[in-house]
Amino acid sequence: MVIDDRLKALGIELPCAPSPAGSYQSVVIRNGVGYVSGQLPFRNGVLAYAGRVGDELSLEEAMRAAELATLNVLAQIKCSTDQWRSFARLLRLEGYVASARGFANQPEILDRASRLFSQVLGDRGAHARAAFSVEQLPLDASVELVVTFAVRPDA
Amino acid sequence: MVIDDRLKALGIELPCAPSPAGSYQSVVIRNGVGYVSGQLPFRNGVLAYAGRVGDELSLEEAMRAAELATLNVLAQIKCSTDQWRSFARLLRLEGYVASARGFANQPEILDRASRLFSQVLGDRGAHARAAFSVEQLPLDASVELVVTFAVRPDA
Amino acid sequence: MVIDDRLKALGIELPCAPSPAGSYQSVVIRNGVGYVSGQLPFRNGVLAYAGRVGDELSLEEAMRAAELATLNVLAQIKCSTDQWRSFARLLRLEGYVASARGFANQPEILDRASRLFSQVLGDRGAHARAAFSVEQLPLDASVELVVTFAVRPDA
């Protein structure tokens, strides 16, 4: 698959898709649209880079958190599309960044996620986006990504 | 209807679907997808359990707020699907919890909503989910639920 | 076009659709649904009405911010639907208002957006809505609007 080739070329090994943190499903697919549950910067089951950017976290650490969350989104999509076979394209990314008061550069942090999606998914990684700043996130995570994607009509 | 039987068995009487708080519609359905406007913990037209969990509200009170908001979501869906006839399944739940700084267990509160959806809707209540912590919500509500659902193609 | 006639009658000249603030697309359309990226109160490329309502901003200023963001949403839709030709109707508006602690009347501010959508789009401007209060938004904006719309099946 082209996407897995790109991952390999980038030296990225996708993590196992994280289990839900409660009584819900990681991904729901219906009528050509896939809804991915909110993904946090988990690495090997442990939340990385907790806290607020501009306060407990540097810009670079928050960007690495955004990367980790992106990898978890990709893992969820791969697992729910028969190894990308039914994946059509990304639709929308909503990105939430836990931020110290006065830190307003959430777009720069989320660009790390947007660019990684494009690097891995190519043209099919293009997406609409909305960025948000929040005081805190569940589990004190620094970044949360909510993604919608399209699946192929014949899938 | 099976869903109404389950409600009866659970001893739940659905409230009247709350009116919109402004110039919008409670539910919009199009192309097989229903978009429910944000639902708050209203009971008989009065907002219950206002304030922040971990501060003005206990965990248990916030869970009851989540239940009330869930009942309002169910009422909106029932009203907009000809008494469940065109309802196919839940798709996504986005849950916002007004939280004191340092309270990070929003997933436990939203699980009360997720489980209630499953109890009432059975398999059709499974959903993707994203949890958020916010400093405050409109009208000082403690919980706000934003739900997307699927309707039957022949509906 | 009827919509452009309404705009003219209202004395509104739509701005150019703002460019994305990062590595994403302003609008993604797929399977009959258009996803507009989060729109802020930009005017001629400059963010207007920065700050929090109930603190740095008055209610009236926040409403004007909501109007500006609405015009930008309309501009994005017009640009992505071949001058409204493939536009079917609005689906959902999610409105985020940067608010001082204790200010809970986000619905009144977002009503300015909801009414403007109806004035310009007529019946096709009806929408589901969810309102949120946040401590701050990207770029210190006072209002952010996230809109989903439907396109015509033959488009």
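The first chain written gets the first letter, and so on, giving A, B and C; residue counts start at 1 in each chain.
Basically, a residue touches a chain if its C-beta (ideal position, glycine included) is under 8 Å from a C-beta of that chain, and two chains touch if they have at least 3 such contacts.
Quick caveat: nothing in here was measured; it's all calculated off a predicted structure.
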item	value
Type of chain A:chain C copy interface by residue overlap (half), same or different	different
Degree value of the rotation bringing chain A onto chain B, based on Cα positions, nearest 5	120
Centre distance in Å when chain A and chain C are each reduced to the mean of their C-alpha atoms	25
Where chain B touches two or more other chains, by residue	31, 33, 134-135
In the complex with chain A, residue positions of chain B that touch it	31-33, 88-94, 99, 101-102, 104-108, 110-111, 114-115, 118, 126-135, 148, 150
Chain B - residues contacting chain C, complex	20-28, 30-31, 33, 35-38, 96, 134-140, 144, 146
